[in-house]
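Each chain carries a letter (A, B, C, D and E) given by its place in the written order, and its residues are counted from 1.
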Amino acid sequence: MKNILPILTVLLVIVAVWYAAAIKMNAPWTYAQAERAGTEVTFSEVVRDTLAQERPVLPAPHQVAQELWDTTVMKKVTSKRSLVFHGWVTLSATLLGFAIGTTAGILLAIGITHNRAMELGVMPWAIASQTIPILAIAPMIIVVLNSMGISGLIPKSIIAAYLSFFPVAVGMVKGLRAPDAMQLDLMRTYSASDAQTFWKLRLPSSMPYLFASLKVGVAASLVGTIVAELPSGATRGLGARLLSGSYYGQTIQIWSALFAAALLAASLVIIVGVIEKITLRRMGMAA
Amino acid sequence: ADDVTLQLKWVTQAQFAGYYVALEKGYYEEADLDVTIKAGGPDIAPVQVLLGGGADVMVDWMPSALAARENGAPIVNIAQPFKSSGMMLTCLKESGVTSPADFPGKTLGVWFFGNEYPFLSWMSKLNIPTTGGADGVEVLKQGFNVDPLLQKQAACISTMTYNEYWQVIDAGISADDLITFKYEDEGVATLEDGLYVMEEKLADPAFEDKMVRFVAASMKGWKWAEENPEEAAEIVLEYDETGAQTIGHQVRMMGEVAKLTAGSNGALDEADYQRTVDTLMGGGSDPVITKMPEGAWTHAITDKALN
Amino acid sequence: MKIAIILLVWIGLWWLNTRLARSAKTAWFVPVLFGITLLLLWELTVRLFGVSPVILPPPTDIALAFGSEIPTLWEDFVQTIIKGAFSGYIIGCGSAFLTAIIIDRSPFLQRGLLPIGNFVAALPIVGVAPILVMWFGFDWQSKAAVVVIMVFFPMLVNTVAGLQASDHMQRDLMRTYNASYIQTLAKLRIPTAMPFIFNGLKIATTLALIGAIVAEFFGSPIKGMGFRISTEVGRLNLDMVWAEITVAAIAGSALYGLVSFVEQRVTFWHPSQRG
Amino acid sequence: MKKPVIDASGVNLTFQTKDAPVHALKDVNLQIDKGDFVSFIGPSGCGKTTLLRCIAALEAPTGGSLTVNGLSPDEARKARSYGYVFQAAGLYPWRTIEKNIKLPLEIMGYPKAEMDERVKRVLDLVDLSGFGKKFPWQLSGGMQQRASIARALAFDADILLMDEPFGALDEIVRDKLNEELLKLWDRTGKTICFVTHSIPEAVYLSTKIVVMSPRPGRITDVIESPLPRERPLEIRDTPEFIEIAHRVREGLREGHNA
Amino acid sequence: MKKPVIDASGVNLTFQTKDAPVHALKDVNLQIDKGDFVSFIGPSGCGKTTLLRCIAALEAPTGGSLTVNGLSPDEARKARSYGYVFQAAGLYPWRTIEKNIKLPLEIMGYPKAEMDERVKRVLDLVDLSGFGKKFPWQLSGGMQQRASIARALAFDADILLMDEPFGALDEIVRDKLNEELLKLWDRTGKTICFVTHSIPEAVYLSTKIVVMSPRPGRITDVIESPLPRERPLEIRDTPEFIEIAHRVREGLREGHNA
């Protein structure tokens, strides 16, 4: 646990900067209030007020922590005011979407590395597909899927998959092409089939690339789910929580939902990282 | 029981209390209906959902409904629970706005996504260009909340009497520091939350019958909600799955919404309709709708429902 | 019957495409034909099944809207892509690159900053966007800020991975020269990191566009691609919405193509580029 | 008349590079019969590897004709006729030594039990028993090269193509492996193409020695060895041996001065 | 009394691997004086590379003491005392041959004109003129190895560590490079540590031959050569030469049987 000290140090710096920023950014409001009320405020009063506003421009760390505590530990997990409940709703769609997206991305990459028509034809359009602003088509996807009788988890997962498949595909194409000429030649002398070359050479050499992409993909997949939760009339999940927080100008609630989401994303990335370590070590690649 | 899906224009809040009350109190059940209420959101276009077959009936504002109709979406107003408009511009006094004549040169926050029509009609009536400059107004697409006003990024923002206005107040700005311009007072009021269905579906007597029962039960819900604002707000809160709403805010919202539904028994008032159409068509060079709509509403449902 | 027609068109064009792909002379036509196939299937489906233009307009309508609204599309393009996405992309990728190099240098920072960096960068844009709009105002600056946050993480992860990709012998060689840190960085680690860096840059191009457009949903001046899209959806002008999406797709593909082109020049030595 | 296993006539190969084209093989004519042990010797960069690669269908000649067992090299490759030992070991870094040796066996679908047995046998042969579970980077350079030889010997290919397989080994091990290779060749009747830089090694092993000269790579001499198939190490002190070695050295020297 | 340039006493090194630790070097004692030409010879896997790596501070001994010029190996490394030729060429694939050779010169800050001149000179020395603009993968194995030798010779290091530099070269080139290396050594007075598998090469080049035996790697014999510094190629036929070669061969053989 040699990481603890560095992390704590960095955290400490961040929290200090955060407090300073909170005071600075919230102060104009305090002064404006005082001016409207026609009173003078001392600096210490300003500091106290800026760290305890109800709708701060930037909530202070302890306010966010307090809110997080209240909405996780202090609430039943089945309660709709519990972040654990909303987090789970988001997580389940994220995982499903990530699974779909990763599978699609890998399959696409395989297609692209093995079929020239795919490489030439599909890749440019896969790229183009990613430039479509997802928030614009998310409601349309949901409307279309709804009219086909599909609702609930699936539409969200599809959007999550849409965002995560691309990084996976790009990284995987690179990885599948990483074996050097001699490694490929060896397979040729064995007259190995494409499938054999794939399983025994291309796939193992793509692993470092795959995992770098999976980390990006899992974060993207979470973003996708949250995006899908915003407009889709989905009324639960961290995205819905963020939205309603924004709608009522409750900065503290936004920040705590945001932190919950980031915590979720970070844990997912860490989990992928751990799997990466284990896999690479098993493969003898983590020297 | 017959299935009915209702698509709301916005998230679960007291703005839609009547429907939630009817659901909770069993008025729909009594009418042999199995009603599903779908909450809306900032990027849900209810018309799209209706056309896509995701809902049978929707809540929408008349300006966007009429614009959609002109765009080839055959939708019809079957009931109008909201009598008056709750929309207004809320300005900070310190920005120096005292009357619409002060707007030029100022920055105004406006909701888009089909909600901009009343504002655009008003501005063209005032002959103020919305493209900025010294004698025009700078328009901002306002996000979800009242921040632009609090952050002084805009002189005025769009608010509803029952919602955003109170958020400004809650944020600590006293009513004395604000000045409001209600569309109702400026003579540019347009009809808000009405119930709309697809025209072709109305031809089906079974569907018509369903809607009759639906409107009747909904109006019963609305009238109960008007009389019992506190309980109605609690019911709404019950149905809010985000868990973000507060009871205080919803009770107050219910109180304000009740003022808007008060004058309506559910039937569309033709005069109100005509005024809305006139406002929208009177938009000078760039009117919202260009030809007089035909068959955009019907009394067929309310006539049966209310007798 | 209708489905049969659509399937038949599809299979026919797919067959033609596989044939074209075999010859180098006709290869350039493959993506074009693939695109034509998609558009044709789209048009057919919409027309044959009478899908409402409010749900999905046919490509011909979109092309018409595109043709008649060029000035608006251009204004939106400048606002969103040039001002928002592009500046954010440069700042975001640049700072991620620098951060990667800084934390790579110090194991302390690497251990302390990388997990927290991951955490901060994992903040979902849709949550961050309203806050950034609040901080940086309605105009393109807040969009650029959103883009910075979006592209930072993929770029950082890839650069860090790339900086560690040189092999033992290559590093030992530098040690025998007693090369300074900077020299090892410039002459060994950055070259070996290049394939990874370009991987990050490519992913970031598409993210930058999405970020800039999506951020406009949370408040914007009354121009910009995101603004136009959300407004026109609300007005049910779906053809205009798709025209904007087309602009986004063209801009995104062009940017991506540009990055790929530079990549080919820079990492010509990597087995994946040598073919 | 015996039909040659490998039959090259007028083979040419030019690499297109960005600056100037490199003419790597020029008018190569060569017949190799079944069961031949052919050594290729020639200065560095003269095209030995390139010629082996052409035979294995890893490179396509830009001119001339080349057949293997009467088939095109590519068809022969598909019939799994080749065992190839590359100039660099080329072990897959994510597989242990054992698993690296198993690789061709897996691909060719040998049964599990036989795989294990073969791996054990070839590991023994190259003196690497006990290193089966190590990863390539945990082995010395010579050990890696031996592992790569074991990999090529583990399965039954008609034609063994070996590109300087013993370059990184000391004399003693080299002598031992030379003997083992001869035994294996004698026992199995494989055809072997062997690139080496050691003149004694070439003479000791081969039934036919091909001397090449560089830029563009040509065959300058083909020496049929009169030595018997049975070759104790001491044969290296006989006058015949020394004479052939001399002829090879002369051929080489000429190539260098050309 | 002369102080040795490299002084190892009781050097031990054990690699920790997942299964069992590998004892690569055991109680290595060795003194190398300034201007010595030391060859290391021993069976594959005996620890020659490991010992060179220890001297170059690329590996840290787990026991014993090792000094270079009276400094620790790492301090000597920082003083840029080493030129290292690795067992594999290890050229950077994104640099042309020319640029690969320039790499150490750039790092050590040679002036531009001198860089060009040195590159030209060493390319000539290893017979690669005309290939400066090619990329590594466009060269044959032996050419790559020569490029890597050129890279190590391009700058002025006191101590040259060469790990089987001539393994992939034919006899003629090898002879030529042997002579060149001796000339360079004579001219510059560098200290050279040279790993080889060729007994004649070791004897021909060295003032001191270190014979090692494997598992765990030990020094079994250190032979001081009585040959004069001036060494024509013909010296290989003198009785002294043959005698030393014999002694080395015996030492090697013993190591193998141990």
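Following the convention adopted for this analysis, a contact is a pair of C-beta atoms (placed from the backbone, for glycine too) under 8 Å apart; a residue touches a chain by one contact, two chains touch by 3 or more.
Keep in mind it's a predicted model, so treat the numbers as computed, not measured.
Enquirer: How many links in the shortest chain of touching chains run from chain B to chain E?
Expert: The fewest steps needed to get from chain B to chain E is 2.
Enquirer: Which chain pair racks up the highest number of C-beta contacts?
Expert: A-C
Enquirer: Measure off the straight-line distance from the CA centroid of chain A to the CA centroid of chain E, and report it in whole Å.
Expert: Each chain reduced to its C-alpha mean, chain A and chain E end up 52 Å apart.
Enquirer: Centre to centre, by mean C-alpha position, how many angstrom separate chain D and chain E?
Expert: 28
Enquirer: Hey, how far is the Cα centre of chain B from the one of chain C, in Å?
Expert: Here the centre of chain C sits 38 Å away from the centre of chain B.
Enquirer: Quick check on chain E: which residues sit in contact with 2+ other chains?
Expert: In chain E, the residues touching two or more other chains are 88, 137.
Enquirer: At which residue positions does chain B touch at least two other chains?
Expert: 42-43, 45, 48, 52, 143-145, 147, 151
Enquirer: Do you know which chain A residues sit against two or more other chains?
Expert: Within chain A, residues 57, 135, 139-140, 143-144, 147, 181, 230, 246, 287 contact more than one other chain.
Enquirer: Dump the list of chain pairs that touch, please.
Expert: A-B, A-C, A-D, B-C, C-E, D-E
Enquirer: In the complex formed with chain A, which residues of chain B make contact?
Expert: Within the complex, chain B contacts chain A at residues 7, 11-12, 38-45, 48-49, 52-54, 143-147, 150-151, 167, 170-174, 177, 240-245, 249.
Enquirer: Going by the contact rule at the top, pick out the chain C residues touching chain A in the complex.
Expert: By the definition above, chain C touches chain A via 17-18, 20-22, 27, 30-31, 33-35, 38, 55-56, 108-113, 115-116, 118-128, 130-131, 134-135, 153-154, 157-158, 161, 165, 168, 195-196, 199, 202-203, 206, 209-210, 213-214, 217-218, 225-226, 229-230, 233, 241, 244-245, 248-253, 256, 271-272, 274.
Enquirer: Given the complex with chain D, which residues does chain E contribute to the contact?
Expert: Touch list, chain E to chain D: 15, 17, 19, 22, 41-46, 48-49, 87-88, 133-134, 138-143, 145-146, 163-164, 167-174, 197-199, 249, 252-253, 256.
Enquirer: Contact residues on chain A for chain B in the complex?
Expert: Per the touch definition, chain A meets chain B at residues 29, 33, 36, 54-55, 57, 79-82, 86, 135, 138-140, 143-144, 146-147, 230-233, 235-236, 240-241, 243-250, 253.
Enquirer: What does chain B use to touch chain C in their complex?
Expert: For chain B paired with chain C, touching residues are 42-43, 45, 47-48, 51-52, 64, 67-68, 71-73, 112-116, 130, 138-145, 147-148, 151, 153.
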